[in-house]
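For clarity, chains are labelled A, B, C and D in written order, and residue numbers in each chain start from 1.
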Amino acid sequence: MSEMGPVQMRSPVLNVRRVEAYHSITIVAPGIADRFRPGQFIAVAVGGEQSSMLLRRPFAIHDVKPDYGGTVEFLFQARGPGTAWLAERRSRDLVDVVGPLGRPFPLPRDPVNCTLVGGGSGAAPLFPLAQALRRRGCRVDFVFGADSSDHLFGIITARRAAATVTCTTEDGTFGEHGRVTDVFERVLHETSADAVYACGPMPMLREVSASAARHALPVQVSVEESMACGTGMCMSCVIPVVGEDGITRMVRSCVDGPVFRGEQVRFDDAGTIPFDALGAPGWKSPDEETGYGGSTREAG
Amino acid sequence: MSEMGPVQMRSPVLNVRRVEAYHSITIVAPGIADRFRPGQFIAVAVGGEQSSMLLRRPFAIHDVKPDYGGTVEFLFQARGPGTAWLAERRSRDLVDVVGPLGRPFPLPRDPVNCTLVGGGSGAAPLFPLAQALRRRGCRVDFVFGADSSDHLFGIITARRAAATVTCTTEDGTFGEHGRVTDVFERVLHETSADAVYACGPMPMLREVSASAARHALPVQVSVEESMACGTGMCMSCVIPVVGEDGITRMVRSCVDGPVFRGEQVRFDDAGTIPFDALGAPGWKSPDEETGYGGSTREAG
Amino acid sequence: MSTDLRTRLGRLELANPIMTAAGCAGTGRELARFVDVAQLGAVVTKSVTLEPRAGHPAPRMAETPSGMLSVTGMQGPGIDVLLERDVPWLRSQGSRAAVSIGGGSAAEYAELARRISGASGVSMIEVNLSFPNPTGRGQDFADDPEEAARVVHGVRSHARSDIPVFAKLAPDVRNVVELARACVDARADGFSLVNTVRGMVIDPGKLRPAVSGGGGVSGPAIRPLAVACVYNVHAALPRVPIIGMGGVRTGSDVVEFLAAGASAVAVGTVNFADPSACARILRELTEALDEHGVSSPASLVGAAHRSARVDAEQ
Amino acid sequence: MSTDLRTRLGRLELANPIMTAAGCAGTGRELARFVDVAQLGAVVTKSVTLEPRAGHPAPRMAETPSGMLSVTGMQGPGIDVLLERDVPWLRSQGSRAAVSIGGGSAAEYAELARRISGASGVSMIEVNLSFPNPTGRGQDFADDPEEAARVVHGVRSHARSDIPVFAKLAPDVRNVVELARACVDARADGFSLVNTVRGMVIDPGKLRPAVSGGGGVSGPAIRPLAVACVYNVHAALPRVPIIGMGGVRTGSDVVEFLAAGASAVAVGTVNFADPSACARILRELTEALDEHGVSSPASLVGAAHRSARVDAEQ
């Protein structure tokens, strides 16, 4: 039970509010607020004790405040039954939460120019990152993209924290018509970016990483792989990542990530086991499987 | 979809209150209130849509009122997870409820003297029964028994509705020290009872039925057999009951009961298939079973 | 889009793909208080035996996480009462009646088929093979492909040729595909997949089985087991129609079973939880078909196999 | 009452009957952030193979009602890294390490046992028989009693005699008792019951399997299946120790498994849902023993069989 590891607690809900197309929940969670570093996430149990939904839902931490000993805010879209249940919480309800989890965004030593790129709800963790960067004297520029204007949030806060804020929407209802990747390189030039941080869907992260690489800029991406535990125990959240030694490994995005160096993530091979990954079939010992009579089960 | 059959509805909770050791919930359920006859019950879904608890919980209807088009009150003890969840409901929450279910207490044609015997929460359905009996000009006498004083409820209401109210507690904290069956025959004599109604645990019903039989009094009992559906579809709530033709059948307490004529219920054989029951093994075709390698499943 | 819910199960045409599962809708009358039974694809009656049966002593059920454990021990009135009383009632309501049968020997199953064929009004025979086999080396007929085939063959031989015979299998067998092949070789016209899975609940207070001897687990808890069976049997025998069941609760569960390879589905345990479920599921299915932009359930049958093939080719 | 939680599994003594299930506590380090691993009966490591394995491509899991479907494809570092890195770490924490093994042939299993016996610090070998058997007629080793026995026999022969060998079986086999007997004849010292149950989830939007090829269902949903297996194997082989698992979530679930015949239990999927579950369950178990007025878990082992016998005699 390491000193600064994650904690599990039953946290009272302080408030729930709508933020455009999202719901924002703030909980009182001093232990989590204390330990938090930007880029980390929490895993929230949904549905109550007798719930049929066993797995925790992961959410990026959007904000922490010192009030009540420490509060944590996260922001989410009601998609399936778990987020629908969360959206119905009221203040004083208790939620069972584990955090902070995952590898945070590494911060530059020097006061450099940082471009932060967020797609949809992926913008959430970039706000505390921006604060931390500014405390180090960095210049921050935001690029936000979403399907439509109601999927953008925090623009006013962003404008206070950043030198520039550039928005795109796919339907053109706010900012520029198009995708973040359409404007990203222009922003890099205009802001003389030294470093890039990105959070959002995989295709966006792939393109942002590729652009940054073309400009020889370091890029940190936060991936959103489907997770069962969030704590590194289940091995369900793996993506292929190239290590310092040049070897590709299937690494857990919950504990080895969710933040990775962009050039290390093999985006094109996500959802596969690349043939050259450590322990891939054929890599050393072939993974023989018979097709006999049906489905395979977890056997490992 | 018969005119006066049960209905299923999402009913708003009007209020939740503590009544001694019990919780009382009143819901707005006009369709159920309209159709209700004393002795009937409702089956309530627990835990919400994503609940792991699939089965409805059955509760006797304790009161119906014309307010808001029709309200229904039931009273329960928080025992397991389903009743614990119900105890946490607040007004305006919605509960999914089916009712009224089951065979009601038959009412006497003439204004006779009726003794109503309730054990624990089994007293709940006797209050609306008392009202109906009084409307027919019957004299009503109550006998209530419970473990301790906090498991008795509605004594004041009962005193208004009945000629006499006799209480027993097993720990002697209220009324007479002992069980209802200790005072029951005395009450029968004192009140010149013509008919008996009883609701409570099986051993109590057995003794009450036996006493009534000794006094040649008609007795209606409401049994509490564990139920999965409450609507007659699953065949899980059976007890052995002797029919008019003298043949014992395994009948469903949810649709053929919960109210039965006391002398027809084979209390001593509850939890068994009596050898002479229709279709019992040996009755006609033997129910052969092999002991091969393990448990049997539902195969019928 | 106008949706055409008509569903073919081999030669049999149903108004829609929503049926009730055997033993989970009473005689049909109990369900009829909540759902218009004429609007269902078919009502499958509880497995019936030659003679009346009193069944298993209470308690017969226990709740399990997202499911239930039950054993009714085939309580029922016997085939003659069923054919004289319950089937005609279902027909009088305009409902399609399917009769599930069970017995202690292949001969008993065959005799049941013969009696059903002598009466009128039965649209399908479902052969419940999860019945204890007093002589076989498996515990149930379904535990041994040869024994299962013998039963199915007997039923098919004695049933009227226009009444389709569906074999009902459970997932907890060594290899459901092997079993399915044996049944098809014995001329089964289709499959009902799946029956309950053997399980037990022990009362942690009383330290004894909540249902003596254990029972069958049903409900959403077993849905993934059922979907796997449907998927695997459809992969092996793509032309044999399947009625999928096991924890169907919503329209999107129906889509899951269709995509796995079922042509119709049956609603079981969820009728206990939500007596009007069948009507709701039918509405939800219609909406789901709309969202997928298809006009009939048949368009989705086996869809998950097609997408898996496309993936494999890429 | 002062409770003595010490638990015997054959010759092995554990501090208490709460273990972790293979593949459900990482290497132990991940769990250790929430639970003091030294306070557990034992930590069972994820099934390891001879060579490193990259496993199954993502997505690897899907939620199911009261459970989950998963397939990791045995991702792991290989036996040598496990013995050099993970087992010593567990020992350094004061924790008992049990190693689960898996392979593509009886020879591979035997070699794993040999290497484990050459190292130090391993308290038990768990033989995961739910591994695809490339040559057998069953899909997994566990699907065929003979193949399973061959594997167990090889492991027992190559393992150091003081390391107990437990055979891990799944419930979805024709007859788990038959399989268990075969393993005991091959000198298994005990059983781990149960592994996951084959299942599939199809994404109703994408119309394709959520986890390609399906996977194993675990969690409370399968608890009744697991309890039935433990009950039946204990009834047939009352002297063989059993580690019960499958959806253990609370202290009262532990009581259920003990009463069914398990001597210890393992917590699996629930660690994902509630990372401090093991510590909570241990507390709850102590309370439950108190309520039953017994001072040790051993007093409850098989209790449901005793009460069933009393019933039968009455």
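Criterion: a residue touches a chain if its C-beta (ideal position, glycine included) is under 8 Å from a C-beta of that chain, and two chains touch if they have at least 3 such contacts.
Since this is a predicted model, take the numbers as computed values, not measurements.
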Given subunit C and subunit D, the chains that contact each of them: A, B
Reference subunit C; chain at largest CA-centroid distance: A
Intercentroid distance (Cα basis), subunit D paired with subunit A, Å: 34
Geometric centre distance via CA averages, subunit C-subunit A, whole Å: 44
Mean-CA-position distance for subunit B and subunit A (Å): 54
Multi-partner residues of subunit D (each touching 2 or more other chains): 65-67, 138-139, 175, 197-200, 214, 219-220, 228, 231
Subunit B residues counted as touching two or more neighbouring chains: 52-53, 292-295
Chain contact graph, described as a line, ring, star, complete graph or other shape: complete
Subunit B to subunit D touching residues, read off their complex: 52, 292-295
Contact set on subunit D toward subunit B in their complex: 65-66, 175-178, 220, 228, 231-232, 236
Complex contact set, residues of subunit B against subunit A: 47-53, 81, 85
Complex contact set, residues of subunit A against subunit D: 1-2, 5-6, 8, 45, 52-56, 96, 98, 225-226, 228-229, 231-239, 249-250, 255, 270-273, 277-281, 283-285, 287-290, 292-300
Subunit C contact footprint on subunit D (complex, rising order): 64-67, 69, 138-139, 143, 171-175, 197-202, 204, 206-209, 212, 214, 217, 219-225, 227-228, 231, 247, 252-253, 255-256, 259-260, 288, 292, 300, 303-304, 307-308, 311
